[in-house]
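Attaching a single structure in structure tokens format; questions to follow.
Chains here go by letter, A, B, C, D and E, matching the order in which they are written, and residues are numbered from 1 within each.
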Amino acid sequence: MRFVLKRLALFVVALFGLSVVVFAALRILPGDVASVMAGVNSPPERVTQLREQLGLDRPLIAQYFDWMSALARGDFGTSILTGRSVTSLVGARASITFPLIILALLIALVIGLPLGCAAVLARSATVRAVFHVLAIVGGAVPALWGGLLLILLFGRGVGLLDVFPSQGFPLDGWGTPGSAISALVLPAVSVGIIVGASLMRYTRAALGDLASSGYIDMARSCGMTRTQAVLRVGLRLATPQLVSVIGLTFASMVTGVMVIENLFALPGIGNGLVTDVGNRDLIAVQSELFLLAAFFLTVGLVVDLFHRVLDPRLKTATAITEVTA
Amino acid sequence: MSNSSVPLLSAHSITKSFGPRTARHQVLFDVSADVHAGECLAVIGGSGSGKSTLTRIMLGLESADSGSVEYESQSIVGGRKSPGFAALRRESGLVFQDPFSSLDPRWRVAKSVAEPLSLQRRDLNNTDIDERVAAALTMAGLEPADFLNRYPIDLSGGQAQRVVIARAIINEPKVILADEPMSAIDVAARIQILDTFAAIRAARPSTAIIMVSHDLGVVQHIADRILVLHDGRLEETGSTAEVLGNPQSDYTRQLIEAASL
Amino acid sequence: GGKKDDKSASSSNQYADTVTIGLKLAPTNLDIRNTAGSALDQILIGNVYEGIVARDSKNQVAPAIASSWETSKDGLTYTFHLNKNMTFFNGDKLDAEDVAWSINELIAKGYHDADALAAVSKVEAKDADTAVITLKTPNSNLLWTLTGRAGLVFDKDAKYDLKTQAVGSGPYTVAKFVENSSITLKANEKYWGKNKAKTPTVVVKYLADDNAAVNALKSGDVQVLAPITENLAEPFKSDSAKYTVKAGNGTDKFVLGFNNASGSKLADKRIRQAIRYAINHKELIASRGGADKALGGPIPSLDPGYEDLTNLYPYDQNKAKSLMAEAGYSTDKPLQLTLTYANIYGTELGDQLRSQLKPIGIDLKVNVVEFSTWLQDVYTNHTFDISLVDHNESHDFASWTDPTYYFGYDNKNVTKLYNEGVAATSDKERDAKFAAAAKLVSEDAPADWLFNYRITTATAKGVEGFPFDLNQTVLPLYNVTYTK
Amino acid sequence: MSVDVRGLKITIGGKPIVSDADMTIADGERVGLIGSSGSGKSMIAKAMLGLLPLTAVTNGSIDMGGTEIIGASERALADLRGRYVGTVFQNPAHALNPVMTVAQQIALPLRLHYDLTKAERADRVNALLSKVGLDLDMAGKYPHELSGGQQQRVGIATALITSPRFIIADEPTTALDSITQRQIVDLLTSLVDDAGASMLFITHDFSVLARATTRCYVLDAGRIVESGPTADLLAAPTTPQAQRLVAAAQTLTLHTPKEDSHE
Amino acid sequence: MSNVRRATTGDRRAAFVIVLHSMWRRAEGKFALIVLALWLLIAIVSLFWTPQSLWATDGYHVWAKPSAEHWLGTDGTGADVFSWLLAGSHTNLVIVLLTVVASMAWGLLLIAAMVARNAALASSSVVVVDALISVPTVLIALILAVPLGASIAVIVIACGFGYGLNLARVARPAALLASRSSYVESALANGASGWRVLISHVMPNILPVLAVQLSLSAGTAVLAESGLTYLGIGVPSGVPSWGHSLATSVKLINVFPLTVVWPGLIVTVVVVALNIFGDVLRDAIDPVTNPALREIGGER
């Protein structure tokens, strides 16, 4: 319980710190949304006037506190440029990004876990070596390139086979689930393969360590075959570790996802964020960054707590790292 | 020879607890102990009885909650600031249970053995150090030319433990703490360690040894005096012959029974 | 749609219900009164909102809400005769009150383009069908100005969020808007005029990524692509059975602006001239696919006062080198200059300029930044050596008469000629004055005009009525049809 | 169950670990295996269970109650392990599954080999818990909540739950203090004898050896150098390797002293 | 009689040779060494010479297909794609080196805090690492790119920060094992300071983990460069890099798709080589796993 409280307190502190960093970083940058709105043929007074209208001329501290107090009320503000609430903006984008991430994660799991297990279970040294090479090469592919190759292979219009839409997302979004899903297939595969390879590597490492451990010997001496022991005991014992790896994977996937969203012209969070930064739509950007960071901190928190539930030995430790030796 | 009236190292009424405030558990209850120059004191007792903790407190490796520790009549309580502490540091040597975890796996034997000198004796030049390293290894029963440049991984358990002992004696300590120095190595090698201790005592008769062990055979072989701990309390203390031959407490009797053939 | 069939001619039966158009630059919101950018003009003016007057594909003034107008002799009073029975799509009546209110509001609130109406002294509704604009000084640009945002007519009684909605009187209404992504236009059932929409639904997709755009056209996701990168258009050009590819005229000027302000490295005219001589415009245009037109001065062919000035600074490396030598620079002792421009124009131009200027002793550092950074550093703070921007506005010569504009260009003669042109009461006189001013500007070399960008548009076979000229600013869609 | 090892040879990565080992363990016999550290004791035990690492090459024959172990399929071995052969490991902290409760752990061989109802299993587990001297409320605890001696009792209970015919105990007392050590040895031998099973007991501790076994083998550098009744062997070892081991052990054994034995 | 050998320059050279040799002996080690040596070589050569000048733009021959003159064709400015690809090697090398240094410095600092004897510092730094590690690198890069613009610094700082955290997390068990070991206790008892212990005992013992983790970081940095550059927050325009080449090839996909293959292949091969290099290096530099290293000066 103390751990949970400590972890929650840290979570809040981290969020606060992030809010300051995000806010400050965004104010150092040149350019503001008022001049973007005014464009290139307006007189300077026009920019000043817009700035006043938008409240951008107020002291930074005041702006920060406005933002924070609104956040505290659950109000993430309104994008200056689009006039829409950040919540609905992020919501619309998330409706693409999250299915993409989840699909990619599923693909990664489907690839990574079985292959990782197989790499440990294989009796032949050659087979194990082949799996090893697969894992290393799969994880070394740049997401951008993997995506391009997939487009060249399967993209409608460009590819050798006209299977999936090569870019874009259906206009009515999830209104046509079939085409929405098929628009996500190639992007998800390009991220999923890479993540799957690293998941495979972790699975292989975690299981490999366990496979030569006393726990597996014990299970086998009770009457399990090696395969049974690795899959039932090993996998269960590796689960907490794999859960944190998957949690971390979430974070490390994001770079790939942003690149892939841009490559596949999916109007998701990554794509939107890049656009908003370009437009200096500060209120939108700062709330988006904040929400994203909060999301990942939450994932971290959940993973830690989950980890604790999964491993009875952890009840006394102060941090996950302590036991994931 | 172990009867000088002033003990070399003494601890009085030591108490010690571990754990966070909410889950504190006391490990030592008002324990006193002392060791004289040239004496070998064995501390025995069941697992978790506080043997290691008591001896570590005596050597200043751990601080007591209450009680006092004196080295050559000077207090060492309070760490670096206390008058006896620096002397104790300089004049003590340590040997732990597992020889392999006592040696840095990535250091050569020569470097490991020389470490106390390089830390404490800035006045020595390399040649002096080399000579002393060789001498210490020889005293520990190892041929220097053979072992100086080895890494721990190329040593057997008994050899490794003798390297550790060489390190412990290189700075000519007045007191050596050996915390279960033989329980991690096999029977055949234990004999070598015992011989090593005997050789040290022969060469430097004034060296005091505190030996923690639950192996009564070993204790019988080497100790002058025995101190029995049970669940953090002093069970009994006396000369080896007294305690082993005529144990006063039930607990000691049980220990002895379980250990004999 | 039974209703549709009633009112369309029999041939229109084969028209598709929906045409999807791929455009490039997306509007971030619909607030045409506050937010700059031609993306809004392109999609909203003439389709959703209508102006008191409109612009045709030759960049000339045409009737819209006003069916006719007359100008007083002194050029100070404009009387507009409005159409009858006009309504906004919400049903509200549109009359001279709305016209006067819209323009007065623009001036009073300082909305976008208000500065273009600085000469207006008042706007009044004389009666329901007549609006009168009175000027302080004559302005030959006024009518043209009113074809843009300044002349748009809004419903003075409607209350709505301009950023997300649009209440206009045009042939289309905004059915759905997803910022940075798409706009869906539905035919305005209550449309009052003769430009009735031929296609019930027009979907505009914004495809920022060139490849995605091309693929969208290839795979039939869109029927029109405007613009399409000329280089990428090759496969469509060769497949003329299925596609039509055509470049259209426009007023986009890729201006390589120099910082003329005193103290700048480019205050030295020799260096500016050397740069103009050193740039191989033909090669630049060729590398972009060859559709663009060389442009020797500030006025493009569709604007009043155009004259071919490309011979003023023909490509001549030797001349450039000797000018640089005069100024004290050579390849061994190069002049360090920085080119700052926005990433939306791609990195190629910068790299090409860098290599073209290298042989004459200029070491060009190319700094590709966010558009907003450009606005701040170059446009607002004037901290730059050379800037590159697509000035796509028409009739924007005034920037050369404003020493505080980011070029920092100041030539009294140019200002005088331009002002005379503006005050002119005949088009011919105006054109002559503008041309003379433009020539003076070009001779001074305060910038180099890399080319007049011409938009290449590709349409699938069966698409009719899509305008090719000027379609990045004026894009009337009512005439667009698609037959499968 | 009788075990017959003939010409056992184990090589790992080209390095011989065990060479030409011959051993017999008769039905109901308790046999010891001693030898210095690294001599290959555990490898022999693992070979009997078919638990050698994938990289190991094994030759010779191990006949376990009529079944040939070497070359047997993993499935066949698994059927044997836990059912006819029980194992107690040296370090229970590294063997007991940290996410299984004591009861689950002990019941594992039953679950794998027999079709019993939950209640039947619980009954057997409880019966065995009390036999090995553990409170019934230990059943729901996790291994890390137990002391070393308690963990080792759980290990013994797991090995014995199916009443196997052969027990392999690989240094089951090394990590324990002498009092606990004594208890565990006595418990194990009595349970094995009660069940009428045979046992292979690996240790380096001679007092333990003397108590637990009747006959023993001495292993040195992968070779069996001597064998015979434990008492004889301890009293009069013949080979130099055995002599060295025994001499050392003798020195280190506590002789209940009558007077100061310090030299 | 004493034969203590102190490490001489000769020994160090011998150790270096042995390490290289041990790596070279393994097939995968050969592969990694060859790839990385080629990378180094090309990076140096391309600093002075490329088949065509990077700035030899030819507007009349843009997006040309591969030919004898332009092995991989030309880009949108008419410059030689192959030359840009070669020239990219030095930018990536610089990025990788800087990132490795940054992540190592930051990671070691964190490790020092995590194994500190001060319990509060140790436990709070552990929790901080656990929390911060869940923030994606690209978010940090995006925030940094706001004030810094596209620059190498963005990549190096963002990656260095993230990988440092990772390094700390992964190396902590080894560091803890070392710092809580009896040999450290003995050193402390002999009066060694915390820093001395950290440097002389803890560092050598996490060196193997460090080798693996840093080379993984190096590989990830190469991947991150390509992603961030494509997003416009990495290497600035006009600077050759593999990310630049990859992003350029995206533009060519509709014109000459096969050009796409090369930059990605190079990145993949280099990243694979870096990953393998770490594994092989770990085994080779560690006297515990490399017997040859233990033989130096040993006359037994």
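The working rule: contacts are C-beta pairs under 8 Å (C-beta built on N, C-alpha and C of every residue); 3 or more make two chains touch, one makes a residue touch a chain.
This structure is a prediction, so every number in the text was calculated from the model and none was measured.
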Which chains lie in contact with each of chain B and chain E?
-> none
Distance from chain C to chain B - Cα centre to Cα centre, in angstrom = 90
At what distance in angstrom does the C-alpha mean of chain C lie from that of chain A?
-> 40
Averaging C-alpha coordinates per chain, one finds the centres of chain A and chain E separated by a number of Å equal to 23
Residues of chain E that touch two or more other chains: which are they?
-> 232, 250, 253-254
Shared-interface residues of chain B (touching two or more other chains) are none
Which chains touch, pair by pair?
-> A-C, A-D, A-E, B-D, B-E, C-E
What residues of chain B sit close enough to touch chain D in their complex?
-> 46-47, 156-157, 185-191, 194, 214-218, 220-221, 224, 239-241, 244-245, 254-256, 258-261
Chain D contacts chain A in the complex at 46, 49, 51, 53-54, 74-75, 77-79, 81-83, 85-87, 89, 91, 94-99, 108-109, 112-113, 142, 144, 158-159
Where on chain E does chain B make contact in their complex?
-> 1-6, 178, 181-183, 185-187, 189-192, 196, 201, 204-205, 207, 286-288, 294, 297-300
Listed in rising order, chain E residues that touch chain C in their complex are 55-60, 62-63, 75-79, 149-150, 232, 236-238, 250-251, 253-255
For the complex, which residues does chain D have touching chain B?
-> 36-37, 148, 176-182, 204-207, 210, 244-245, 247-249, 251-262
